[in-house]
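Presented sequentially are two complexes of chain A, the first with chain B as partner and the second with chain C.
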Partner chain A sequence: MQDKNGLYKKRNLDFKSITKSAGFTSLSSALMAIFLGLVFGFFVMLFASPPNALAGLQYIIFGGFNRIGNVFYFATPILMTGLSVGFAFKMGLFNIGASGQYTMGLFFALFAGFMWDLPPGLHWIVSILAGMLGGMLWGIIPGLFKAFLNVNEVITSIMFNYIGMYLVDMMVQGSSIMYTADKTRTKYLPQSAQIPSLGIPNSNVNLGIIFAILIGIFLYIILEKTIFGYELKATGYNKHAAEYAGMKGKTNIILTMLIAGGLSGLGGAFFMLSPSGIAGSSMTYEPINIIAANGFTGIAVALLGNSHPIGTIFSAIFISHIQRGGTLASLVGYKPEIIDLVIAVIIYFSAFAMIMNTTLARIIESRLEAKANGSDDTVDNMVEDKKDSADDMKGAE
Partner chain B sequence: MNTIYYLIQNMLPVAISLLLVALGGMFSETGGIVNIALEGIMLFGAYFAALFVYFVQDSGLNPQTILLLGMLVAAIAGLAYSLLLAFAAINMKADQVITGTSLNMMIPAAILLFSKMFFFSDGITTRINFYIRKVPILGDIPIIGNMFFQRTYLTVVIGFLILIIASLVFYKTKFGLRLRACGEHPHAADSVGINVQKMRYAGTMISGVLGGIGGFFYSVGIMDGNVNGHTGVAGFGFLALAVMIFGQWRPGRILFGALFFAFLRTLAYSVSLIPFLYNLGINQTYYRMMPYLATMIVLAFTSKKSRAPKAEGIPYDKSSR
Partner chain C sequence: MENYVIEMLNITKEFPGIIANDNITLRLKKGEIHALLGENGAGKSTLMSVLFGMYQPEKGEIRKNGQLVRIDNPNDANDLGIGMVHQHFQLVEIFTILENIILGVEPNKYGFIEKKEARKKVIDLSEKYGLRVDPDAYIEDITVGMQQRVEILKMLYRENEILIFDEPTAVLTPQEIKELLQIMRGFANEGKSILFITHKLNEIMEVADRCTVLRKGKYIGTVDVKDTTKEELSKMMVGRDISFHVTKEDSSPKDVILSVKNLTVPSKTHKNNAVKNVTFNIRAGEIVCLAGIDGNGQTELVNAITGLDKSSSGSVYLKGEDITRAPIRSRSMAGMSHIPEDRHKHGLVLDYRLEENLVLQRYWQVEFQNKGFIRFKEVREYAENLIDRFDIRSGQGPITMARSMSGGNQQKAIIAREIDKEHELLVAVQPTRGLDVGAIEYVHKQLVESRDSGKAVFLVSLELDEVINVPDRILVIYEGEIVGELDPKKTSPEELGLYMSGAKRDMIKEINDAG
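And now, the complex of A and B:
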């Protein structure tokens, strides 16, 4: 009896050391959220048109593999907004303003692309940087409001999403150089302002995705290896403790929002400066007074990647993948909006997937234990488990 | 004078919609749950009510009866939707802002999906006219009649009634006091035997009811019976949150805030009718930004000494005393 118990405890420890590592929990909760999101999407499709539901689900899950170039192309802007939201999350700020910063970046990039005459090798680089500047400008505002006036960044961001959107649409429509009224869209950018294409056939994928991934890795280094990153995370965990330890809370808030805004702005620039499939043309922007969806998708991307820069890279590619699949689902009669719905459901569940997981794990583990041990020492383990799960809950918060 | 009448007549439906939603936010937040999802709740309520109106509009019922029934439908829909927030925030202790955001994203997508599949458009437009040209007798009173009882909607009267009821519940009942306790200091409330979870559920559900009704009133009074997934409720849920903060979580001041924002918005959309503003030659888009800018200015001045419920946004955990 004694022996058996000791043996069991050892195995138990090993099992837990895997399941309890931070990476594993966030991965498993992300997968859980994705699974529930897809199940929900399937039920919606089943409700809307039963005979095609299975085919629709297949398109959503596997459709993207046929258009891998475009998956990366559409992943670029949402990767940037995802990094932006995730970066602010690390500091405990909710950057719902990624949309406005994205739109602002898009406009600044557009402006630099049309209005400035620069040599071909330099023009697109300057335009990208202009986009970053635009995003920074719109990102720093919620930071300033939060730091100096104690206004919640969520409300500020939302208000400035609207202000930015109206402002950009007005300025785009007001310029005859950028805008063609009869197409209600912007004109094609000059060739020199377009980001060089990677040359993959049948897709618009360009250098932007490479930059975006590099930026993700760079952010990872900042967060993990620099003092600034450490302070940022410390403030995110416990604001008061961080300030007590002498970290400059206000400066860090402003700096974080500045960087987050710049990241979203880059997303807008990468989107806007892309060449499109037809030679000589480029992406266009349609000013129709709607808040950019890519900013909100960024929230999903960040949450799914657990705000970790590397995780965000993968989750952006995944979301882009099911988005491509979603457009293919229209082949069997479903509208692409089904994906927005699935993404929203994924966010909903990922907000509490961690807790759900620990509950589930607790149930499974106690079942396993009951089987392995017989009834003698189950009670003992149950008590132990309860303690563990209490620890988990704290970790999840 | 006619311009002033026009502004007031157009402002009231806007103000009522904002007022109801802001009151909803107040109930939810004084209970301790941050309700960013108001935008989604509004749209959800509005859509279901519009569906209802769409199917009964040819039945020959009195338009005002349909309005009341539609209001009921919107209230139930809003309540149902708010339960999603309550479940995540209270039972699952999820981040309330994130949950709210996801609920906001879900509805426009769902509306576009279903409207495109079943109505072949972005939303629903109902044909019925809820507009009241002139209320008998009351409409003939000089000045006041012109302002409040001509070219109006039934929604305005209902809105003021709800405001009175909400204030009474908030200040004069045991429930209101307990709810506020749960948002200020849930542990203290718990220690005297108040069920914090239940109270928070109640607060969120009330916000669902008011949010749903507010959404329906928005579609009736401002969009002429149209609900679509593209424009949704144009950020009214968020504006209502700003109104609530402006009103410092108190019904009376919320009314004042709602009127103020509604006035700005109405002004922005009727610039072309006011010769003085029109002749200034300012691009109308600037006026459209005004409610949002005004929100920021107001918040900048009020947030320092904010009287926000102390425990809002924090999941209640018995053990973390």
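And now, the complex of A and C:
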């Protein structure tokens, strides 16, 4: 036993354990996908307007650094919807309803902001919590359907995207306190309902991004350290084994959808309850019967972040960064849609990259090992050990 | 010089840092059945994948009829007349049998598939070799045994002369195995050459002419089957003596632990009940084996006892307590351990680490959690303890992914978890399925030890050897009814076979009263 322990330790140090670790694989494959996505975007720009392509690419890659405040502001909602999608995905649920939950959260937050008169330090907090509640409501319903009637959550949550969007637009337009018809948007929120700004000039960035990152870390702890996370992931990996082990599948489905909905709802609240760069104004909502894009972008964010809460934090900031850069690319004549194209390609490649990446790691590894074996005295020992694991691997086939 | 149809000479296949085949030589004569024997993960499948063109060896050469050949992919292999029945069938579920057979070599006229001729050829082949199939049935609707016949027909349709069977019997019932072995013999008599990968010694003794043994990637030797014994082969394979006889004292049954009364369980696949009015008892300190041909209600009966399925009437008592409607977790807490039939579907979370799998039934207990947080240090210590005690081998110990472990060690992990958990009743469903002799010996020893420590053991098995050797009492199930209770010391495989096939049955009432 002592001897075996020694071996594990040795393995932890070698290159293999680094390249084989899930974190390394997902990080490097995400980076590779991003690279390929940008190259693809460059070629499209080259095709559309050759002389400006390089400038356009520069804007996409570096443009965000000039708008750092707004990069974080726009990262907030997609981070929350990304966490929402990723969290449900860990349980094996595809929460395509993040948009609807986000919109409900946004509405509940607006409602609390306009309708309730609360002291300044409290008002925005209550409004945020109201938003969370709205999202939870829209998340739990597909969860209940799934748990008790075995209705696929994809179908119900797509329906709820529409129901939520039309309902919210109807209610916003129907309220003269919230809505100003001549500007076809909501009025400015009372100061007390706005989340305190972080004070970066020319941006809307507020405490929301801090909360969102903290929530990401909190989710990581839930998933990795608690028995709830253990059950949740076990169910996601193998629901039969989870049932066999006596886990409460239905309760966990409902709870997961409740939390996922709450996360998206918070995204809506963080986005909506924001002061604007211009003093005395705030963010507004335009009820134009379109399903919130931030919900769908959340799916991309979660995919790029490999559904890992910490990975999702970085992928949300990155996607927000190139989105900001993409709007700047219009300075040299490109439509901002170019960035949606780049993001789509990145997501598309991230699946391939995972495969290419493993192959690449294997090649590097075998090179390194060939070198190591030439000089290492304990070769026999290692080979023996590896062979066992080869046997193990094959046995699993 | 002898006439070899295929020679694989000094094959070495390495995976990065791992030697899966180390200088292996295998020669196949025309018209022989050549068994390739080895434990799980000895390198048999790798060697066959090399022959079939799926891997390229680093060293060594392949000759056909003395001529050096290069096999870069399965198409090359097919051109050389080499066909393979994979352990996991390569069939398109939503296609018909005929469509699967012609897949890749579709006869066509101007790009339109011509099924008529193909159908005739398939029907001729199936009649000639006694491979009963319905060409128009869909793969998803047919039994595993029939799917295998489709795989064999695929090889015949392509007129392959060298047939590789990769553990073909692992998924079959005893009857189907017998049939398959006869079919293989027929092929050999006709001049086809067969490579038969297996770790079941009985089948080798029954059907093979020669046998090559691999151990841990190395070539051990090739022997004529008629000059060897099971014991000798198993020693070559495992590297030590294996006892086929399960040594155990007479049982001394005590209190009734599990009591099943008039239990009826509906079937999921057809309208009739899968389990019909079944009654029996299991006492502490005895192993009771439920024997029967696969699909006679064993799975449903076990699922109703363990809580995975609901029964429609009757009741189940554990230590006198009614658990008929109890959730799985309560049954587990009341003292039921369950080694499930399908270790990948139910037994393990393959993408969890070994240590996480070892606490799958206990993660919520106070030892392993504190206010909802997992106590990782305790989990690790517990896992290391179990790994040590139950000799679970894996690449990286507790942090090994369950998926990367060999089948035998995955099973050991499940057994360790279920036996170490506090329990009164151990339900073990086909616990040795797909394991090699060394691991089977180990599992049987664990079952007997569990019995000797005063637990009640309910064993469900399809293997006749196991049914006769391991338990203290045999219950035979046929079409959802218990048709006989036998004493393993007094019965014979023949008598057992009669009960299992429904040809013989005792008065059910009598058994129920006795039970």
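Definition applied: the second predicted complex is superposed on the first by the 340 of 397 C-alpha atoms of A that agree within 3 Å, B and C clash if a C-alpha of one lies under 4 Å from a C-alpha of the other, contacts with A are read in each partner's own complex, and residues count from 1 in each chain.
By definition in this document, contacts are C-beta pairs under 8 Å (C-beta built on N, C-alpha and C of every residue); 3 or more make two chains touch, one makes a residue touch a chain.
Keep in mind it's a predicted model, so treat the numbers as computed, not measured.
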Which of chain B and chain C A:L167 touches, first, second, both or neither: first
Partner chain in contact with A:L149 - chain B first, chain C second, else both or neither: first
Touched partner set for A:I299, first chain B, second chain C, both or neither: first
Partner chain(s) touched by A:A241 [first = chain B, second = chain C, both, neither]: second
Chain B versus chain C as contact partner of A:D182, first or second or both or neither: neither
Touched partner set for A:D117, first chain B, second chain C, both or neither: neither
Shared chain A surface residues [contacts with chain B and with chain C]: 390, 397
Residue numbers on chain B that touch chain A, as the complex places them: 36, 84, 88, 92-95, 97-99, 101-103, 105-106, 108-110, 112-114, 116-117, 229-231, 235, 238, 241-242, 245, 283, 285-286, 288-289, 292-293, 295-296, 299-300, 303-304, 306, 315, 319
List of chain A residues in touch with chain C within their complex: 1, 4-5, 8, 11, 16, 225-228, 230, 233-234, 237-238, 240-248, 362, 365-366, 369, 382-383, 385-397
Touch list for chain C against partner chain A, complex: 15-20, 40-43, 45-46, 87, 216-217, 308, 327-332, 338, 340, 345-352, 356, 360-361, 363-364, 369, 372-374, 376, 384, 388, 393-397, 399-400, 403-410
Residue ranges of chain A touching chain B (in the complex, touch as defined): 44, 48-49, 94, 96, 145, 149-152, 154-156, 158-160, 162-163, 166-167, 169-170, 174, 289-290, 296, 299-300, 303, 333-335, 337-338, 340-341, 343-345, 347-348, 351-352, 355-356, 390, 397
